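Each chain carries a letter (A, B, C and D) given by its place in the written order, and its residues are counted from 1.
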Amino acid sequence: MVETMILVPGRSQKQGTSLVAGKLKDEYKRVTSTAELNEKDMRRLKLKDGDKIRLKSDVGQTVVTCIAKKDADLPSGMIFIPYGPPSSELMAHDTAGSGMPLSKHMEVKVSKV
Amino acid sequence: MSTTLLKLHTPPQVPLETEVISPTSLSGLSESGIEHLQVMHGNVKAKLGDFFKVTGKGGSDIHLEGDLSNVKMIGTGMSTGKITIDGDVGMHVGMGMSGGEILVHGDAGDWVGPEMSGGRIVVKGNAGHMVGSAYRGQPAGISGGEIFIYGNAKNEIGNSMRRGFIAIGGNAGDFTGVNMLAGTIIVAGEMGIRTGAGMKRGTIASLQSAPMLPTFEYSCTYHPLFLRFYLIRLQENGFRRIIQDKHLNGKYKRYSGDGIELNRGEVLLFAR
Amino acid sequence: MVEATQTKSKESKNIKIVKDATCTFCGCVCDDMELTVDLDEHRITKAKKACVLGRAWFYEHTIDDRPVVLIDGKEATLEEGIETAAQVLVDAKFPITYGLSDSTCEAQRVAVEIMDIINGSIDTTTSVCHGPSGMAFQGVGESTATLGEIKNRADLVIYWGGNPAESHPRHFTKYAVTPKGMYIPNGKKDRTVVLVDVRRTPSTPLADIFVLIKPGKDFEVLWALRALVKGKKISENIEKDTGVSREVLDDLVSRMKNAQYGVLFFGMGLTMTRGRHFNSGAILSLASDLNEFTHFVAKPVRGHGNVTGADNVVSWQTGYPFGVNFNRGFPRFNPGEFTTTDVFSRGEADAAMIIASDPASNFPKKAIEHMKKIPIISLDAKDTCTSKIAKVRFAVATYGINTGGTVYRMDDVPISLRPAFDSPFPSDQEVLEGIRNRVKELLKGDKARLAA
Amino acid sequence: MSSELKIVNGRVYDPKNNIDGKVQDVYVRDGKIVESVSSSATKIDAHGMVVMPGAVDIHCHIAGPKVNLARKLQPEDHRLDVHPKTAVTRSGTGGVVPSTFATGYRYATMGYTTAMEAAVPPITARHVLEELDDTPVIDKGFYVLLGNNAFLYKLLKEGRKKEFQEAVAWWIDSVHGYALKLVNPGSDELWKGRKNANITDVNEKIDHYDITPMHVIESFIEAADELGLPHPPHIHCNNLGHSGNISTTLDTMKAAEGRRVHMAHIQFHSFGGEINKNAVSGVKPIIDFINANENITTDVGQVMFGKATAMTADAPLAWMLRNVKFNKWVNADTECESGCGIIPFSYQESVYTHALQWAMGLELFLMSKDPWRVLLSTDHPNGGSFMSYPKLIKLLMDSAYRKEAIEHVNQKAINKTVLRELTREYTLSEIAIITRAGPARALGLENKGHLGRGADADITIYTEEEDKEQMFNAPRYVIKDGVLVIKDHEFATDHKGKILHCKPGYNADIADEIEPFFEDYYSVKFSNYAVSEDYLHHHEVIPTHPKDS
């Protein structure tokens, strides 16, 4: 099953602490390739915590691990992921005359690996 | 009328700034005189002849050939004559032009016709962002002239425009006519979101429906007579396939806004 | 200036205490750290008052065993590194310098100077952080304040599109929510805290009011608020469109108008989503509008330690805050044209110097692909994706931990750093000064390049 | 190795040393004016030229947070006025708020060698010093905004005069400031604390403090006097720009009671008429008072037509201007210390108020009886750019030119002034006084503004021309610290000027009083507040002359 969702990358505390430890270290890689999904969305997509999902945008794709978030915390149709190389992979380069790529609101196709 | 032909023989490795390519700067120059005009190749001072083969003396009709997508500022400040570009062109084409015509047979980069006050720019392909828009910080954008894009254009068409006419044959990006002070924008295709945000006066019309900001108020559905004249003008200028009779004669939904500002602008969306 | 005491502890360790040191991890730039430094081990063992991010910052910056310079992956001397870097820069037709948010102003000043000398471009991480807010500022201005003023006076604190609990952990506790101030004697009890976001975050529990908004609808909601503040009509579809009901909007408007001193903090939920500079412009305008009724300020919650300093330095030296091009011998500014993401994505830059940032991991794929094709000079305290692909890689000391200098807090307040221990690595300022001097020598006699 | 220079055959204007256009030589060694030099000295033949000391700007806004905000705010202004680099100088951008490098070079190209930044919230002093370090050629210092300082107000409220004076001295010393600056005293508390209100009267009580602006003004005048600061309090009065504000201005001047005081940009404070009605010129009573009271110095704050930027610590004023056109507006509150407002602005000949202000400024100059005390400024960039000084000089020196200019502006405004009747023409010597000797004396800079022995070798040499605007626009030579910086109108070398600052003495115990206040109400640690001397680079301490010593 493939669904279109909105990916919102952002900062998290773990992303911050693992970043100073070193971007080439495993912890940073793990943190930035773990995506949060709405629990209902996960059920519908037949996903459980720790499953791998493929995120695909117009410019790239990446495989990340998913974990469930309560419906009240993360609205259905949204995915949160800490900034990092996987989210960059999906980012389009057009900045619309601003210098800023759209890094916090990306339409992605989600599928179970 | 003799034509000055500039044919790209060496594509630039980095952006090339050629504000000298305009009928005013070339006028009266010999072939070698034109080839010796200074251009900026990134941070290196170079000659036009390093990149272009010039045929013909400098006159009012300039023809450019080649992929000029990395060539910026063609037609800067031109006031008369014509530039025809057989291919894509880079940013800032027609910057500050006050008269004459620029015809681009391919696509154009961002900032088509910034600070334009008169004349006409026609782009047969697509254009980038900020067609006919003000530069950053500038309170007022173009103050006259016409820009016709046959294909699509991206965000901020006519940002802060004060006067003039911009027409897009295809789709428009977001913020069409943002902060517009006056003037007319017609988009034949679909517009993105936030059309007319902050507009004070002026008209934005589309032949499609569009999402409206919460600060725009529906006022009526009617047949705006003046729009018919604009559309006929577009039909006569290459938009014949897109603009049909039903658009000339049909009714449009009128929204007034932006309510935050003077509320004297209007967005007209084709209804039936 | 550095107040430090050196004592020998029981294990006869060489221990130093640095009081009132500054943490430069995030834009809060808290200057009240008490660092315990083990001088033998070259590390900080305790950072009193630091938040979880600050502790990581202080504890993780140890002296790694790595070469000062790598050229094409091979170990080289500092002089050789400077020589190669200078050559790369001088040979380039469209060189760009990017980064600088984790550098001192002293280093930033040299970086701008180098680009001025070689007619390159200078851009900072601002362009992918609050660059759009800078552009919005150029359009509509800004009513703003230092953080102390907010601590002393703000009775209504609104956070929009940000998650300070995770990105700026002490923003709440040191500056804007819990502290007592001159006219806020009871701290948080005297303030109303509102949070607006597209999801619940660890920041949400702190808020008195949480407004959940549909993703990508910030501009519409801000625009509706502006209209309501001015007493204008808005569409009846507002709730359907944005997920925020008219009642919630009316309540917010009334709270804002009736506040004694209100503040709108905003994060990258505005600058990095569709609308970008217009989103920032909308919130800055909302704050300005509100001054017709009461005192209101707005403030971007800025990211890395000294990104605000980079804005200031580039502005005072060139007149523009970021994305500045010197190709023609004087500064020019045009976001989208001279900003780093764009010049990489379009394949324009033919050399780049990356200082204290990691575009090779943060930038769009297309930009990264181009970076791999051109000579990169990198200066960083840690190895990154960018330093991995660099032609010349300098390992430099960490600012604030190993070096002094000036940094600017997110509210433009300048603070001097108190270093904790020496590093065997040079500071980025020293490396940049070396490159500058060598570039000047290489260009001697090249009048065409030296003068505009 | 000593460097020597002799300037021969020039017509020298050195009012402090009573030299009025006499052809004589000027000698320089190691950055100072000397009585003679060796035969190997570099010679500049100044035949047919006018030799003057380098000019001194006593009031301008050129560095620091508000200036930088105003710079960032106006990319459209920079784009149209670029400042290309040369083989020896850095690039920049101009416009009405130029980049730091452009500021220094452009001052130098007009013969200015010293400029004082007139309003700095002390918490931002590091920023100011960093910018000044990037402002080439000229010497510079800054005035510290203390007239709305919360801690000092607390001391005044408690009636602790001695501690107040100690704290004032501590503040100047801690941030390396030059003088005390008061801006619309008392207004910050109302602006920030009472929903954008403003002080309207010098005798109005300031919220929370039980003191009045008058109380504040008197206390600072007394403090500067006791501390023996080289420059007295530099006061931007209450009610700037409001019709009928002359009564406030007169009250403020009277508060000095014979002690030295400097009235900033007096033009903006010389409106007659009724409060909140159409303004008229109120110059006469103001200039009469100044003429009659030798303790007062002032700079005019002339308005020049064209682009300006209102940039002020007087936030309520900027708000008033914002509500005229609703264009981009900046407000910036600085904790415990200051407010700030910025508005890009344009003065137009046809607008009544603008023309009135232009005429009032000229009235002040032309009715001044003592050029030593009524000094040239545009309150750059508030009344116009410092780049318009040469034009202003022409307006003062050339009555025919002025007469013609008067005809081009709003006549209704001119009719509310006596400008048409004023036929006076400034002499070159008087120009040398209002741009050099006068500001140097008012600032207590004994080595500036003259060419006597021991003076700093800051010298400008102009080709003498009929058109005084052209003449003052581009000196042929500019010498700074004895270094020939501009030669034949072009930069021969880059140069770094000095920071000028004061170190008044005080009892160090005052720090213990201030520290707890910081811990409670500031957002930076007390120990991180004082600015280290590392930020001074090249600098000079200008001595104070305290009363009790």
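Everything that follows uses one rule, which is that contacts are C-beta pairs under 8 Å (C-beta built on N, C-alpha and C of every residue); 3 or more make two chains touch, one makes a residue touch a chain.
Just so we're clear, the structure is a prediction, and the values are computed from it rather than from any experiment.
Asker: Check every other chain and keep only those touching both chain A and chain B; list them.
Answerer: Both-contact set = C.
Asker: Give the identifier of the chain nearest to the protein's overall CA centre, each chain being represented by its own CA mean.
Answerer: C
Asker: Hey, how far is the Cα centre of chain C from the one of chain D, in Å?
Answerer: A distance of 34 Å separates the two centres.
Asker: Between chain A and chain C, what is the gap in Å from one C-alpha centre to the other?
Answerer: 23
Asker: Measure off the straight-line distance from the CA centroid of chain B to the CA centroid of chain C, and report it in whole Å.
Answerer: Roughly 36 Å, centre to centre.
Asker: In whole angstrom, how far does the Cα centroid of chain B sit from the Cα centroid of chain D?
Answerer: From the centre of chain B to the centre of chain D is 47 Å.
Asker: Going by the contact rule already set, what residues in chain A reach two or more other chains?
Answerer: 94, 96-97
Asker: Which chain B residues touch at least two other chains?
Answerer: Within chain B, residues 110-111, 129-130, 135-137, 174 contact more than one other chain.
Asker: Multi-chain contacts only, two chains or more: what residues does chain D have there?
Answerer: Expected reply: 73-75, 79.
Asker: Going by the contact rule at the top, pick out the chain C residues touching chain D in the complex.
Answerer: 1, 3, 19-20, 22, 31-32, 105, 109, 113, 116, 134, 137-149, 151-153, 174-175, 180-183, 260-261, 288, 291, 293-295, 297, 311-313, 315-321, 326, 328-333, 406, 408, 412-416, 447, 450-452
Asker: Where on chain B is chain D touching in the complex?
Answerer: 135-139
Asker: What residues of chain B sit close enough to touch chain C in their complex?
Answerer: 13-15, 17, 40-45, 70, 91, 110-111, 129-130, 135-137, 174-175, 178-179, 193-194, 197, 212-217, 259-260, 263
Asker: For a test of understanding, state which residues of chain B touch chain A in their complex under the given definition.
Answerer: Listed in rising order, the residues of chain B that touch chain A are 110-111, 129-130, 154-156, 173-174.
Asker: Give the list of chain A residues in touch with chain C in this complex.
Answerer: Chain A reaches chain C through residues 6, 8, 10-13, 16-17, 20-24, 59-60, 72-75, 78, 80, 83-85, 88-89, 91-105.
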